[in-house]
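Before anything else, here's the structure in question.
Chain naming follows the written order as A, B, C, D, E and F, and within any one chain the residues start at number 1.
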């Protein structure tokens, strides 16, 4: 542990994921004293039409 | 907040997702007094073979 | 299936949970044609200080 | 990886959790060839009134 | 209930998923006395580049 | 969106949660161009005996 799950609509480049994983892991080590090697991070990139805010899907058919 | 995650096997049409998102958000506002604009809803549409009930995968190879 | 997870900060009364579970299940049956008996709904009621929006915890120490 | 999350209503004894964690980890190693040391398992023990099946909360006020 | 979510990087064969679902369900019935028919298991097979351990993505661009 | 869930065994101080929420949100804005106000972060602090690594619970009865 820890286990971090990042969910977002749309997709990230591999370079963005690499950078986010690195920074989140560093933050957890520095602030919460969690050994880097035990930190798991997963990215769930959802289609925009599978995410709703305020009762409306983000993506649509037009 | 709130954050609602809906997981199901198979897929929904965009119109079904739109309708579900709208109704769930309305329900939460009416019953739990959560402002609509803060409600996030995500749909995870899993392949049927990635879902098991009673120890058996829903989808199969035939 | 389906499996629905509702996460929110603070708590709901049992009556609110009962009503939300009923309405969500009805909605899924009506819109997505999912048999009621297979729908699972879980509520995760988090302490307000375990939820952040915009980089700020919702609950605080005062 | 892998990461396994077990959610249930009510609680388990520590001995039950210990046994389940051991067996699940063994199964994943044997079937999916995942090294035991990388397998994380978490248990979420929910109050019965936070779990609904078929539109009804499992636990109630009587 | 219970609901079990298995997340891993890469993919499993249908036969592996079938075997894991069967064994996990059997384990829960034997150890935790949960009726098989109520146990749901889902598999999330993530792209390797969507999983980080120790701050590094498992999959890469080469 | 995005929605980030941080799961760990044991607990964090409120100050640690505040700092992690701030840094994660900043990172997502800078790297992924996600508006801060839409980023939700939740912390799940699990009892150590509800987390297993390598088939062994982290916490025990002694």
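The working rule: a contact is a pair of C-beta atoms (placed from the backbone, for glycine too) under 8 Å apart; a residue touches a chain by one contact, two chains touch by 3 or more.
All figures in this text were calculated on a predicted structure; none of them were measured in a lab.
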Legend entry - Chains touching both subunit C and subunit F: B, D
Inset, instruction - Work out which chains are contact partners of both subunit A and subunit C. - result: B, D, E, F
Legend entry - Repeat of the D-F interface, chosen from B-F, A-D or C-F (over half of contact pairs identical by residue number): C-F
Legend entry - For subunit B paired with subunit E, centre-to-centre distance based on mean C-alpha positions, whole Å: 20
Inset, instruction - Averaged over CA atoms, how far is the centre of subunit B from the centre of subunit C? Could you give it in whole Å? - result: 12
Legend entry - Junction residues of subunit F - those touching two or more other chains: 1, 3, 7, 24, 38, 40, 42, 44, 51, 53
Legend entry - Pairs of chains in contact (touch as defined earlier), listed by label: A-B, A-D, A-E, A-F, B-C, B-E, B-F, C-D, C-E, C-F, D-E, D-F
Inset, instruction - Please name which positions on subunit F make contact with subunit B in the complex. - result: 1, 3, 40, 42
Inset, instruction - Spell out the residues on subunit C that touch subunit D in their complex, using ranges where they run on. - result: 14, 17-18, 21-22, 24-26, 36-45
Legend entry - In the complex with subunit E, residue positions of subunit B that touch it: 7, 46, 49-57, 60-61
Inset, instruction - Give every residue of subunit C touching subunit B within the complex, in rising order. - result: 1-9, 12, 16, 19-20, 23-24, 27-28, 31-32, 34, 38, 51, 53, 58
